[in-house]
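Down below are the structures I want you to see.
Look at the two complexes coming up: chain A is in both, with chain B in one and chain C in the other.
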Partner chain A sequence: MSRSRPGGAEPRTGRPRQGWRDTVAALPWIGPALILIFGVVLFPAVVMFVNSTRDISISGVDKGSVGLDNYVEVFSFPYFWPIFVRTIVWVVVVVAATVVISLGLAQILNKAFPGRRIVRLAVIIPWAASVVMTTMVVYYGLEPYFGIINTFLVDVGLVDTPEGYGWTRNPDTAFAWSIVVAVFVSLPFTTYTILAGLQTVPGEVLEAAKMDGAGPARTYFGVVLPQLRSALAVAVLINIINVFNSLPILKVMTGSIPGYDADTIMTLIFKYIQNQHKVDVASALSVVAFVIVIVIVAVYVRVVKPMKEI
Partner chain B sequence: MRKTHRIGAAVAIAASATLALASCGFGGGGGNGGDDASGTTLDLLVPSYSDNTQGLWEDVIAGFEEENPDITVNLEVQSWDNLESVIATKIQGGEAPDIYNGGPFAGFAADGLLYDVEEVTSPETFSDFQESFIANEQLEGTTYALPFIASARALFVNNALLEQAGVAAPPTDWDELLDAATKVSALGGGVAGYGMPLGSEEAQAEAAVWLWGGGGTFGDESEITIDDPSNLPGAEQIKKMIDAGATQADPGSTDRSPLMDIFIQGKIGMQVGLPPTVGQIEENNPELDYSIVPIPTQDGSPMTVGVADQLMAFQNDGDKQEAITAFFDYFYSADVYVPWVQAEGFLPVTKSGAEQLAGEEALKPFLDVLPDAKFYPSTNAKWSAADAAFKSLFGQLQTKPAQDVLTEIQAQVDAG
Partner chain C sequence: MAITVAAPGLEPIEAPTPSGRRRTYTEDQVPLGKLIVRMLAGLIVLLVFILPYTIMFFGSVKTKAQIRSVDPTYFPTEWHWENYLNMWSTPETPLVQNLISTIVISVFATLLVLLVAMPAAYYTARFAFPGRMVFLFLVIVTQMLQPAVLTSGLFRQFVALDLIDTWAAMIFINAAFNLSFAVWIMHSFFAGVPKEVDEAAQIDGAGRLAVLFRINLPLVWPGIVTAIVFTFVACWNEFAASLVILSTAGNQPLSVALTKFVGQYETSWHYVFGVSIVAIIPVVVLFMLIEKRLVGGLTAGSVK
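Let's look at the complex of A and B:
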């Protein structure tokens, strides 16, 4: 970084002292960012690791080290593996659906048509609204007795009980609706990332494809999509992390369901803290979640090789 | 490159601003107590019982500060949902409130965080509490909390729906309840016979209504017994009600407050409610033709689920003992305490309070059942775990065998 200083002296290789001095000189500029990273990211992360090896009482008093007992508790919890699988399903389905729909939306928004500016703004709305608010709107809509979605379904005859169906009262339907909401709130970011990617596709390449007689489908899959590779990589990676770590949607949509049939790892962490006050076990599970995210991202990078240049 | 620099500068400014703000936050929190030469500060952490709670406390504090000009009281109101996480976080951070209004206290007592309340009340105030309530706050002979407000439950009955369904009188035992609820459910049109909230909000209460009504128990101060043969009849009866279609749909994941709203709208035949429910009906649907009767039990013997919330005092600095005593003595004086209890629609726990309210018509059905009240074993340190286990697991009765659910709850309690 220091070598590419604009207007700086020519690079002096093989003189580490110079590099050190450069770093010190840069400190006033990178210092605040470093403090922020240490104070807001690394310090809490270390506290989390430490907590995961302690025995912390219900009222929050630290009672000493217990080694890896909290991790044993996490993995010996009988519902852990179903919840693990559900977490993977949650991430894969939400991210895949989001990307596919966003590819289509971005394509539409990339075409010039009257009122495009308004449509582009409309797509941002789910992004601008609070996730909890969006979810609550859907949640109340799905309530039996007074929810607007339920009333609609009853009126058109799709639900035959007069008070409606308890969509958010049954684990499978609540989970499915949560996926719908998660896709909805993930669309704006993904669409705009892909739209930005689309605008880097040079017009002459498309023209050349046309000249060579490629149809619209061929052009899209053979020419446009490969050029979107880096935009897609960003969109998918950030979505994986976001969706995996998403608590509010599932918390609102599946919160009243007993048992652990609609939980992901995030909601389980929340239940450990909120219901059982096991800060120690919750920390251990958070560490596990952290490792899982890293593994998912590593697998993705390894298999799809999104960063590879075309 | 120029652009990168500008972004870098922006990030740096944002970062330093964030840190500056954060340090302000820490500074404010660190100034705990703020004991200037003349005064003491009491931190009061309370849950919100209704929209009035904050105002009621502010009135109490204003009156108290007027009588005790050298004591300042800081009020913090939290929702019930967050209360327990907030107190745990505060304790972990070494910033426990001086006075805390909450549920189970046994965990705090076990960690040695609480005052013996006899040390922070005057003898006159202490002797004014109903003995049965004080007994409920004791752990091995020491009283760790003061009863704060009491509540009892009773069955709210929609007279019009029962009449429509051809049920002559409100049920008194389980067979009659099942019969009446089935008939009301059969009216159709989205009407449910019995409103059964087993969702996470307050599953332990509905569980107590049924399990204790069948002769069961949750245990005592030394042992939590959920997986107990005496609890099975109640759990089985819940399943029977669900299977007969006598309840609303999906009872396992229905929360109590929203369901009560449906009752108030007149779409549920019978549901167990609390004293504040009377006020809610008054406010939202005064037309509703309802009556309040004792909760039906297996054999028809009277029983109710009593709840007493507590006030407890944390031992932060030794020098606040006198201020806490002054606050408790002021708060529990009948002129301050009774209006508070009445405004929130609960029952008083002091003898002087009960005398003042003896003539209240709306509270009568509840005061009548109070002698038969049974309480949660909240003096047991494991009760918090049991409470949480009920909230997250009991609703599975809808789909799982009763015995399995009780076993699973017991297992989570024993592990917690």
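Let's look at the complex of A and C:
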């Protein structure tokens, strides 16, 4: 243990002078974390890959290899491609709407006014609150006759009858409302990340823009927005991962609708596991989802380079 | 609150915890008209963000007949506080056990994260060793993965380990998937403490653990608290893995148990909302305690 010397946080530039002894010395400190990462994240990933090529009975008995049959079942499922397209729509629409609205919210929360702190605290609530519970109140609100959101829409004249449109009975409207909920619960994190980015905009630069006669819009798009690049890059990346992996919103809003007209890849995985008990096919679809996430993240990181400093 | 010991030459803006105050934009006098417009905008934002939870709260004090009335009222006409006592014995799911389950899983997973992440974060922030970057890379990779996409693998693995449908399984899963964020944020805080502080203590004869606990912890506690709160809230609300791993009603956390009310013939929405309010308030309060560190501290290390 005494061999390793205190070093700075910066990665060393030269050839490391220490050898394997230093790695061994580090093990008591990083070993437990390694065990947890390997045991509960990476190993299940391997199990999933292996299961995706096996025939596993409903009771969980492994009946041997079936090659790529599970993948064939996934891709030949008639609803697969519509679900694939819907997944892309889900991610793109939710993330885009979230970022645009968050940019506006961050502008408001960044200005000084009495009570700003209370408003900032209120914006946190959907972040801390359970997504399941937030979605359930919307689901209730959209119920025909007694749902309070539906009642409001009838009272202001946007909806004709208290029966509503059967918001949560119809796959399209249920999916559209799910997007609204997904945007709502994604706003706090995104807004706070943009707020953090706004802090890095130097006051002198804004002052200079003002001196040059740039109006607020010009200043925002020409000076502020470029400064937000790295904050936005991280916010978008994390949102893409979260929204792609999101289960609870669609599970609550569209879970009781029969058929596959409001599913994304993630909800389809859970339908395979829970309703059909096909862990093998679910594994194959999970591998597909896994690959999609990796590809999106890799392309994104390559193009946008959100984490230059790691 | 910022770390009191800042690395030499480090601008305050770059410190892992910027103080809550902004120093740009608003130093100048704001005309009253503008101020009123801002306050109105702020008020609208406030109302939108508390709206679902206000609906929840009003619903939680209505009777079943009132909340399912075809002519519903926006505000409760009577306040039925007894719902908060009666809801725990609703027949749909054993809510008391679900609450206990949520608490046990969250508390132990958070403790496990703390126990595992703190030494790793401290050591990787302080000492160079071959494999250090590999370790940190591994941590980032796990950040990209979520239980949802690995559920089928986790399910098979915990069946094989005979830990399926146990709290222990969910404690491990929650701990493992929240580990990366905790390591990352603690790492950035430990890295903010100058190594001279450590060296001085070691010269005085302090052991490595003493240096960590007596010298570093008092300096980095805001980072530790942030990591603890984040982990705890994430475990408290976890849904996807619990849905598949925990099949016995009494083992399930509230997040999973409440979904059973959806699609019922006569859902007791007033109870759903009462339980939701009870489950939401503690984590919202926890999050509000770290609000100042949410700006900046959260993304320290990634946003520069």
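What we mean here is this: the second predicted complex is superposed on the first by the 281 of 310 C-alpha atoms of A that agree within 3 Å, B and C clash if a C-alpha of one lies under 4 Å from a C-alpha of the other, contacts with A are read in each partner's own complex, and residues count from 1 in each chain.
Basically, a contact is a pair of C-beta atoms (placed from the backbone, for glycine too) under 8 Å apart; a residue touches a chain by one contact, two chains touch by 3 or more.
The structure presented is a predicted model; accordingly, all values stated were derived computationally and were not measured.
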item: Partner chain(s) touched by A:255 [first = chain B, second = chain C, both, neither]; value: both
item: Chain B versus chain C as contact partner of A:47, first or second or both or neither; value: second
item: Which of chain B and chain C A:67 touches, first, second, both or neither; value: neither
item: Partner chain in contact with A:216 - chain B first, chain C second, else both or neither; value: neither
item: Partner with the higher number of touched chain A residues, chain C or chain B; value: C
item: Which superposed partner A:32 touches (first chain B, second chain C, both, neither); value: both
item: Partner chain(s) touched by A:166 [first = chain B, second = chain C, both, neither]; value: first
item: Contacts of A:289 with chain B and chain C, given as first, second, both or neither; value: second
item: Which of chain B and chain C A:195 touches, first, second, both or neither; value: second
item: Which superposed partner A:274 touches (first chain B, second chain C, both, neither); value: both
item: Footprint overlap on chain A, comparing chain B with chain C; value: 4, 6, 29, 32-33, 36, 39-40, 56, 60, 145, 162, 255-256, 273-274, 279
item: Partner chain A, residues of chain B touching it in the complex; value: 1-2, 8-9, 11-13, 15-16, 18-19, 22, 81, 84-85, 87-92, 107-108, 110-111, 113, 188-190, 192, 198-201, 203, 248-250, 252-255, 258, 262, 265, 267, 384-385, 388, 391-396, 398, 412, 415-416
item: Complex contacts: residues of chain A adjacent to chain C; value: 1, 4-9, 11-12, 16, 18-20, 22-23, 25-26, 28-30, 32-34, 36-37, 39-41, 43-49, 51, 56, 60, 105, 108-116, 118-134, 136-141, 145-149, 151-152, 162, 184, 192-193, 195-203, 206, 230-231, 234, 241-242, 245-248, 251-252, 255-256, 266, 269-270, 273-274, 279, 282-283, 286, 289-290, 293-294, 297, 306-310
item: Chain C - residues contacting chain A, complex; value: 13, 18, 22-27, 30, 35, 38-39, 41-43, 45-46, 49-50, 52-53, 55-56, 59, 67-70, 72, 74, 112, 115-117, 119-120, 122-133, 135-136, 138-140, 142, 144-146, 148-157, 159, 172-173, 175-177, 179-180, 183, 190-191, 195, 198-199, 202, 208, 233, 236-237, 239-240, 243-244, 254-256, 258-259, 261-263, 267, 269, 272-273, 276, 279-280, 283-284, 286-288, 291, 294-296, 298-299, 301-304
item: Residues of chain A that touch chain B when the two form their complex; value: 4, 6, 29, 31-33, 35-36, 39-40, 56-62, 73, 143-145, 161-163, 165-166, 168-170, 255-260, 271, 273-279
